[in-house]
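Per-chain residue numbering starts at 1, and chain names A, B and C are given in the order in which the chains are listed.
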Amino acid sequence: MSMESEARSRQTRRAWALSTPALLLLFLAAAGPLLIVLVYSFLLPGKYGNVEWGFSLDGWRGILYSRDIFDGSLKLADAHLTIFWRSVKLSLLTTIITFVVGFPTAWFIATRAPKARAMWLFLITIPFWTNLLIRTFAINEVLRNEGIVNTVLTKAGLIDAPIRMINTDFAVLVGMAYVYLPLMVLPLFAAIDRFDMKLLEAGYDLYASRMAVLRRVILPIVKPGIVAGSILVFVPSLGAYVTPRVLGGGKNMMIGNFIELQFGQGRNWPLGAALSMALLMIVMVALLVYVRAATKGSNPHG
Amino acid sequence: MKKLLGASALLLASTSLAHAAGELQLFNWGNYTSPELLEKFEKETGIKVTVTDYDSNDTALAKVEAGGHGFDLVVPSANYVPIWVEKGLLTELDRSKLPHFGNIAPQWIDVAWDKGRKYTVPWQWGSTGIAVNTSVYGGDINTSAVFLDVPEELKGKINVVPEMNDVVNLAIWYVGGEPCTEDTEVLKKARDALLAAKPDWLSMDYGATEKLSNNDWAASVNWNGSTMRARLANPAVKYGYPKEGYPLFMDSVGLLADAKNVEEAYKFIDFIMLPENAAMLSAFARYANGITGSEAFMPEDMKTAPEVVTPEEFQASGHFLPTCSPKAQEYMTAIWTELQK
Amino acid sequence: MADRNFSATRIPGFATIAVAAFVVLYLPIFTLVIYAFNAGQSIAVWEGISFHWFAKAWANEAVKSATLRSLIIAVSASAIATSVATMAALGTTRRPAFRGQTFIYVMINQPLMVPEIVTAVALLIFFGVIKQATGYQGLGYLILAHTAFCIPFAYLPIRARLEGMDLSLETAAADLYASDWQTFRFVTLPLLFPGIIAGAMLAFVISLDDVVITEFVKAGGQDTLPTYMLGQMRRAITPEVNAISTGLLALTVVLLTAFFLLTRKKG
């Protein structure tokens, strides 16, 4: 009995030892500075930005309530809720779209002959290496009033006046799906690549239909890849900043833009800090629930 | 693995040692510094100037306040200069190192935000008004009604630049108030006007020069120099001076208290006070400067441009924005935040 | 009874979607590359072919130094992040749950969950204090910041790969009296390699791409390519930006080709 528990604790120690370098770096340049943000969320806003030392819960209250400027009364800030809802909605849609497009793409690449596979992987990697700003800008070029889509449609005689696509939620959605597609495809590919295709033949041998094979055989086994891909798309798109800024035109804010506003012209660093903490907590809860549900039933021992 | 560590340590060390003599770090608004001027400066003094951009006074302030920024010169807007001074971020200028100080036009020396020019020297100044593509809208463009009570032709096609001070004050003037007012009645009216007009706006973004030139926007609340550049690319664009009242702005160069290249900084500040160099700055961004004698060197099209030479009838409506009391500032910020949501 | 055209791996519709995805992915990029050759000033109005934007970008000192800086940071950050993430993945995957596992998992993925603007501001303040205390102002801060947010991007593909791996090979190696290290080096590592490469490439791209955090953390004169382009975009956007992107793209294609050829020889 004691041998087993000794082996177990040796394993645990080794697990920690292997993880320590990563943890150290992260504490120094990611988690640690967040403590500063946490502290700031309980302070008072400075006159011209920054903070002043003094405890206050106004930062946190400001997430859901805003003080009417002129009579000082506290009321529910439905503008805030609109922004939250827009962010969640767009991020979920982006994740779904990238999955619906990304899964077939990853599958396609993984099922090519080994020689061709390298070429396709090569092809899908290249757009990723174009800078984010440039890609967002390129989408702008496609969607603007005198952009590619409108020009083609007008020349083909299908429309009279340009369809206004830019500066809408739709534009932001297209932009985000375009930008985050890579993050869905790569983990999916890594998982599908490992998938044993013989299982498929076994499934068909047992007279299963293609849909059944897809649902019952493929998807459960590549689940880790799906989980990884979804996380890599949903979470960053929730906090996205550049894409909604460029394609939304500053009017349709998402949470990321709203937080940035507090550190800029909004001059309310504590509110920005509190919003960030709140966002973080929501995401953590969502992640825990999702990962638990996704890994339930799958054998951790492979 | 060890070799990698050694190499990277060497790399880190070398990048911090590479502090060349004869260099200057200028922190300025985007698209506001003439590259030709920098070339000329380098040729005459051997000092290489690196420009880093910001697009708002608040960002610049935050960056510098946090420390370790590495900049030497900064160019804040007029109403922010007292804030920079109050926070001790700017050094008083040593006049003995600025032999051409006398070139500053007299009306720009005793300005409200820096009496006697103890901390700053003029960079460029201009106004905020309304730029309209007259082939889309032919009505009166010299009024804030263009963006606060949007005409049919411009609905969904007009942009409002996200500059709090400019926009909120234009609205305050429109409803009959004065900037920096603490009168809640006036402020309420201004806020309501802005919120009512917002659904008719296309966006609240920068980049007017480009977007007016390529017809992405039919109109925008915009600065005069940027509008002139747009007009040169797209002749239908005209600049409107809101007769209810419009803000004038001036940006000035200040020396940061923790600047490393102080001597080089003084050389640069002195350099831009020479008329031909000030004219170079103006020729690039298309804004007027505050140096006497520079008119002789200005490009022809600026001498008659309606954006730069304000027509008689609108001159009285332009005012510099004062630095507001914290209370007034709070009100404006609250209105702005509500608007931005 | 086997249908001769039946392929077990073919799922109807998938190929169409995949190819369509490729086309859509490349369309904006083609536009980008084409306009890099625009003789005119605009990025949207075509005025004939010219190479002058490339010449301009090539002569531009700021572009060259920004590019070099971006590459240095990206290489360093992805190398460190991938190594560290591989170790962490090995430590946290395929084990029975141990104490603190969720904590480690959360810590590693935390950069993904926090909006960049928040990390950017936090780092601005934090590094600002350190800069004033130590006087060091070099690239170290940027490399450190980039490494940190690259870790989760390297970690996730490696972990996904690891989880899907068949343990029986490693068990077989152990049965054959291979030591832990030998098993790792000759069995686990080669099997894990595609995951590690995917992780490294992802980390590299993420670092190269970063705008928000770099914008806040950088000191004067430390522009990376994205922050330089951001600056250009606030001004008049000219095809110079297209030219730079095309150049970078060309470089990438060359590198990736070399990489794929190399790995094919080994395989």
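Note that a contact is a pair of C-beta atoms (placed from the backbone, for glycine too) under 8 Å apart; a residue touches a chain by one contact, two chains touch by 3 or more.
All figures in this text were calculated on a predicted structure; none of them were measured in a lab.
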{"item": "Touching both chain B and chain C (chains)", "value": "A"}
{"item": "Dominant interface by contact count, named by its two chains", "value": "A-C"}
{"item": "Rounded Å distance, chain A centre to chain B centre (Cα mean)", "value": "35"}
{"item": "Approximate Å spacing (C-alpha centroids) for the pair chain A, chain C", "value": "16"}
{"item": "Chain A residues counted as touching two or more neighbouring chains", "value": "146, 263"}
{"item": "Touching two or more other chains - residue numbers and ranges from chain C", "value": "44, 121, 125, 230, 233, 237"}
{"item": "Interface hub residues of chain B, defined as touching at least two other chains", "value": "62, 214"}
{"item": "Chain C residues touching chain A - in the complex, by the definition given at the top", "value": "6, 8-15, 17-19, 21-22, 24-29, 31-32, 43-44, 80, 83-85, 87-88, 90-92, 94-96, 98-102, 104, 106-119, 121-123, 125-126, 144-145, 147-149, 151, 153, 155-157, 159-161, 163-167, 194-195, 198, 201-202, 205, 208-209, 211-212, 225-226, 229-230, 233, 237, 241, 245, 248-249, 252-253, 256-257, 260, 263-264, 267"}
{"item": "Complex contacts: residues of chain B adjacent to chain A", "value": "56, 58-59, 61-62, 65, 83, 87, 156, 159, 162, 164, 184, 187-188, 191, 198, 201-205, 214-216, 326, 329, 331, 333-338, 340-341"}
{"item": "Partner chain C, residues of chain A touching it in the complex", "value": "8, 11-12, 14-19, 21-23, 25-34, 36-37, 100-105, 107-109, 111, 114, 118-119, 121-135, 137-139, 141-142, 146-148, 178, 181-183, 186-187, 189-191, 193-195, 197, 200-201, 204, 210, 214, 221-222, 224-225, 227-228, 231-232, 235-236, 238-239, 241-242, 255-256, 259-260, 263, 269, 272-273, 276, 279-280, 283-284, 287-288, 300-302"}
{"item": "For the chain C and chain B complex, residues of the former touching the latter", "value": "42, 44-45, 62, 72, 76, 79, 121, 124-125, 127-132, 136-140, 143, 216, 219-223, 230-231, 233-237"}
{"item": "Touching residues on chain B, where the partner in the complex is chain C", "value": "4, 8, 11-13, 15-16, 23, 25, 27, 30-31, 50, 52-53, 55, 62-63, 66-72, 206-207, 209-210, 213-214, 229"}
